[in-house]
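Before we start, here is the structure in question, set down as structure tokens.
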Amino acid sequence: MRRILIINPITSKEFDNMTKEYLEKIKDPCTQIECVSIKKGPASIETFYDEAFAQPEILKVADRYKDKCDAIVVDCFADPGLYAIRELVDIPVIGPAEASMVVATMLGHKFAVISTMRNSGPWTELQAMAYGLSNRMAAAIGIDIPVLELSKDPKKTAGYIVKAAKEIIQHKGAEVIILGCTGMVSVAEMVKQELDVPLIEPLATSLKVAEMMIDLKLRHSKLGLYMAPEKGKIVGY
Amino acid sequence: MRRILIINPITSKEFDNMTKEYLEKIKDPCTQIECVSIKKGPASIETFYDEAFAQPEILKVADRYKDKCDAIVVDCFADPGLYAIRELVDIPVIGPAEASMVVATMLGHKFAVISTMRNSGPWTELQAMAYGLSNRMAAAIGIDIPVLELSKDPKKTAGYIVKAAKEIIQHKGAEVIILGCTGMVSVAEMVKQELDVPLIEPLATSLKVAEMMIDLKLRHSKLGLYMAPEKGKIVGY
Amino acid sequence: MRRILIINPITSKEFDNMTKEYLEKIKDPCTQIECVSIKKGPASIETFYDEAFAQPEILKVADRYKDKCDAIVVDCFADPGLYAIRELVDIPVIGPAEASMVVATMLGHKFAVISTMRNSGPWTELQAMAYGLSNRMAAAIGIDIPVLELSKDPKKTAGYIVKAAKEIIQHKGAEVIILGCTGMVSVAEMVKQELDVPLIEPLATSLKVAEMMIDLKLRHSKLGLYMAPEKGKIVGY
Amino acid sequence: MRRILIINPITSKEFDNMTKEYLEKIKDPCTQIECVSIKKGPASIETFYDEAFAQPEILKVADRYKDKCDAIVVDCFADPGLYAIRELVDIPVIGPAEASMVVATMLGHKFAVISTMRNSGPWTELQAMAYGLSNRMAAAIGIDIPVLELSKDPKKTAGYIVKAAKEIIQHKGAEVIILGCTGMVSVAEMVKQELDVPLIEPLATSLKVAEMMIDLKLRHSKLGLYMAPEKGKIVGY
Amino acid sequence: MRRILIINPITSKEFDNMTKEYLEKIKDPCTQIECVSIKKGPASIETFYDEAFAQPEILKVADRYKDKCDAIVVDCFADPGLYAIRELVDIPVIGPAEASMVVATMLGHKFAVISTMRNSGPWTELQAMAYGLSNRMAAAIGIDIPVLELSKDPKKTAGYIVKAAKEIIQHKGAEVIILGCTGMVSVAEMVKQELDVPLIEPLATSLKVAEMMIDLKLRHSKLGLYMAPEKGKIVGY
Amino acid sequence: MRRILIINPITSKEFDNMTKEYLEKIKDPCTQIECVSIKKGPASIETFYDEAFAQPEILKVADRYKDKCDAIVVDCFADPGLYAIRELVDIPVIGPAEASMVVATMLGHKFAVISTMRNSGPWTELQAMAYGLSNRMAAAIGIDIPVLELSKDPKKTAGYIVKAAKEIIQHKGAEVIILGCTGMVSVAEMVKQELDVPLIEPLATSLKVAEMMIDLKLRHSKLGLYMAPEKGKIVGY
């Protein structure tokens, strides 16, 4: 039995039920999932500022659960705290952006990411640069709907995403579309119906990548980028 | 129940039993695997020449089985025929080199590939360039043992690989090691024991990536690089 | 006297006379050319699938003629079998895509490739990545005319190419245009008249690069990527 | 009069006096500097984990002082919180790694970074990738001395750095050396004496870049990557 | 007191007063500037040809003044003679294109350069490639106004620049605009008023970078790319 | 009959006869070559400073001969004035570094350049960056023999080159060696005998590329990077 911890790195309850229900349908029968939200931090992650305030709590959750699970998924496309958790624990830690992008590279020549606010375009470009995948990304754009409003009018949200996707497929050569926010789960199915290319929903993808890592008994290297931290050095948390 | 076809793209019987047995242990209980070798073609794939003579048969096997399986794995690190099979079928097709490299990027900053003959070094560099992953690869080298001799003296083979890996970890900053030949299955465990960094065995990894793709209902884009071929255009095969 | 073998890697007779006549006018007086088509394989190469079925016969032709010629040109922009032939023979082997792209880099800052079907755009991008020339390519697109229809209505074909070229010159900064199919020979002159930038016809370019390689007594390195194959390992061909 | 805030993003008092004294000598007479340490967080930043726990306090300090200064320098080569602070404030925010690397590119063909622990090598490579400067960096390595021990035996520290620098200059083509930790201020002069190439001390460089940004009245763009955060969204801090 | 030499590498008197007046307002009180034009050479630098005829005189001016100044700025966005002067002298030498681009990378994710004639677009792309900054540049274009006509109708010039800038910000993701000609000083203020993103005026930026280099006591490496020339080897100048 | 102008961009007579004799043997029977040295300028080109003083005379020679020849080769691996001549004339202009590098990419996976002084290593790296070929270059180094001493002790020179080449082939994966100075003509044959990989002599290669460009009737694009200069703008030359 695989045990996977989903860390929901926001304080808003917006997506709690949806996430759980959604993943229960997607997970392997031999996988147990636990979803934990943070108590302190941002209502949603849309800026580096938000991300900074989410990280300490993410790490505390990871520390608390690390012996009770076999892999961790951080439920946010910003991959907040991804490297820090990898340093802290000895099990696979999956970030939705990273997982989605690498899976996308196997499905077509170039992928595109469609996300929320305007700043998410360059932010995603920055992620692609850091992950070394810039030359496989056709474009990254936002549809100007904030995270917490994505589910308010799902039809509108889906419509915006589809329009943006078709534009990018037509003019930038995108062959695969990645939803650039794990809060887009609720509209993924609607979007999928309208597109002729593969659609990657990052949360489901992360869960499956986590299961795969567990099955392959793979762990992050501790001989280079990820070094085990000295927890005692932290004061006041 | 997932049905995965493993195409063994060589005429040698060298690895047949080993592959089957090995994958039976690794596959999910809900996965059925079928291993099919080609009847015409090379005894092993060590050159582009070998690869060229393997491809038509690989495609015929894929065509014959494509309605009886849910994903295909090509059991060779050269990823022979990868793009052509993707054009031909409507199910996920996984290549060990591509799958191993993308998985490796999630495990550490830079990966290295250790393969068979001297030419496999630049060949792997070429793959990394085509897959857009050059900047995540620390090095790619061969240990000068031909494919069909890898299992003759497993201890020697493992020893050469370990030596090469340690050298690359120490001097080139590799944090993850990929075995650059699916014929190295027999020594994977031995090598793993000796290394302080994650070791990726490409065949197991490909199988698990295939299961993941099936579960995520993902298929290759047919709107760009991969276009359905006209089979009627082929004469004499 | 230089002897150059042109391998026409398709079974269609569509271009046979045209190719021969065309090259006779372009070749140096001290060059003899021989054009050989394959007997088994695709009518035209428009997919990786087609390419796979062309390669064994290409290699057999190369093997049969390798002692009677001083260089080989593969007459197809997909550069089918390019690396495999280089492994097999000890004379220069020229691929139209590779030759055209490197020549183009000397003529202007960025080149663009205009080819046949939609998939040829990303395919050419893939070639540019593998050849290490992505940053010199402005764009690569198809005009949605299949190879075997290029010569049906030459005026229409030329018109489509000119329109696409002007668009790319204007909006993507292309300074040199490469015809992305050796079957475009028949319209090259018409296109050239309409453009203010250099036009590279890949077949003529390949022939001249082959002559140059012969004159410079240059051969492919056999100490790295290209390793001489063991022909005895191939069964059933 | 320019007012520059130096945020010392660690709770250790180790470097407080040194930093202040050092910068007083380097700053322009028309610059006032204020050094502020964080009260909660890591004693030193050597892992992403440490960085995560430093960021909320860094942002609070920046928020508290943002109307009383004209630019901010984050005194750590990890550039912790760099993008988040830029989102929060409307004045220039300088990170030592970024500032040092861009200045280095003007001084020679390739620079190298010499830092503290082994993990700092790949970490710096990651920074160079994200800053788009990988192709100007010859190498990045650690000397295996933790941040808080750098000043214990300055001679030893300087000796290790000089040895590493000479090695990299000789074998990797580095033409400029960057000290990869702002805690190396105490040994910068000693190291400089021993090297034939320019040495960049990142803290001084950051201060001067900050002065320059103020004088040029330049601010970070708020129309793309850096979007003003909604502070009200943060709970519990 | 810092002494900075501004070399105006053109024979036209067009910008002489403007440059001097402009920089007097921008320079630090403790900086003295001297502006020297060349007597032989091009009226303006708009081609590599112009640049070639400017260089010998630039080098003579640099040689004549090198002991009387602490840094040199070449007042042209083509950075003419930049590397040659660095070889010749032992003080910092600043080129406006290089300085502007590196400063721009600290202000936003991608910058764009707006310059004079059509050829300045690819020329700037070439600079970005040589400086290793291609992946931080969104676009580079000319507005089709020659250098010597920029100041004739400043309103028109400013209008063209603003229009081009807005287009690039909107469609190419530019977050920072660089004026791609030091002759645009006269319209910089007008342009700045119209844009929501940072505007970099390269001449002012170069002066400030020069002051910074002096203050940091940094010099170009002489152990690699820049080697001291043998002046005696030059005949006839 | 093709007429090719060889511009020898140095004032030293060192290589005059050798160049002429050498090229007479290599040229096609239907090619006439004319070798012209410059009268003012450097004795040899080993720095950017030297190059700067060579360029005006190179351009004057090109201008004087441009109507009497069909292509121009600049006989120096620094490719001095390459882009400026291309602007000035309407015939192909070939630079030895550019021509050698592009030819090398067709012969093996990675090439290396072996040149004269230490600074030629990074200089060649800079060329490779500007030509967009960095990822095909394994290394570039100097052997610490000045240009004008290369022919003094040819055996020694050849020995140094061979030693460097073998080192780079063994340890950096070079598969093709380029002589990084056209003054190495005299030792090319000796070096070739000692190497198992292709050796590219840049002057012969440039001549043959020039012949090819003439035969293909190709010219440089004038719609982008290369713009026809206004000669009237130059004063005092």
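To keep things simple, chains are lettered A, B, C, D, E and F as they appear, and every chain counts its residues starting from 1.
By our rule, contacts are C-beta pairs under 8 Å (C-beta built on N, C-alpha and C of every residue); 3 or more make two chains touch, one makes a residue touch a chain.
All values derive from a computational prediction rather than experimental measurement.
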Exercise. Which chains lie in contact with each of chain B and chain D?
Worked result: A, F
Exercise. In this assembly, which chains make contact with chain A and also with chain C?
Worked result: B, E
Exercise. Relative to chain F, which chain has the most distant C-alpha mean position?
Worked result: A
Problem set entry | Distance between the centres, which are taken as Cα means, of chain F and chain D, whole angstrom | 43
For this session: For chain B and chain E, let me know how many angstrom lie between their CA-based centres, rounded off.
Result: 51
Exercise. Between chain E and chain F, what's the gap in Å when you average each chain's C-alpha atoms?
Worked result: 29
Seminar exercise, completed: In chain E, the residues touching two or more other chains are 108-110, 121-122, 126, 129, 132, 135, 173, 175, 223-226
Exercise. Among the chains present, which pairs are found to touch?
Worked result: A-B, A-C, A-D, A-E, B-C, B-D, B-F, C-E, C-F, D-E, D-F, E-F
Problem set entry | Residues of chain D defined as touching chain E within the complex | 26, 28, 92, 94, 98-99, 102-103, 105-110, 131-133, 135-136, 169, 173, 175-176, 196-198, 200, 204-205, 208-209, 211-213, 215-216, 218-226
Exercise. Which residues, counting only chain A, touch chain C once they are in their complex?
Worked result: 108-110, 135, 173, 175
Exercise. For chain D, which residues are in contact with chain A within the complex?
Worked result: 11, 39-44, 46-53, 55-56, 58-59, 81, 83-84, 86-88, 117-119, 121-123, 126, 129-130, 132, 223-229, 231, 233-237
Exercise. If you look only at chain F, which of its residues touch chain D in the complex?
Worked result: 121-122, 125-126, 129, 134
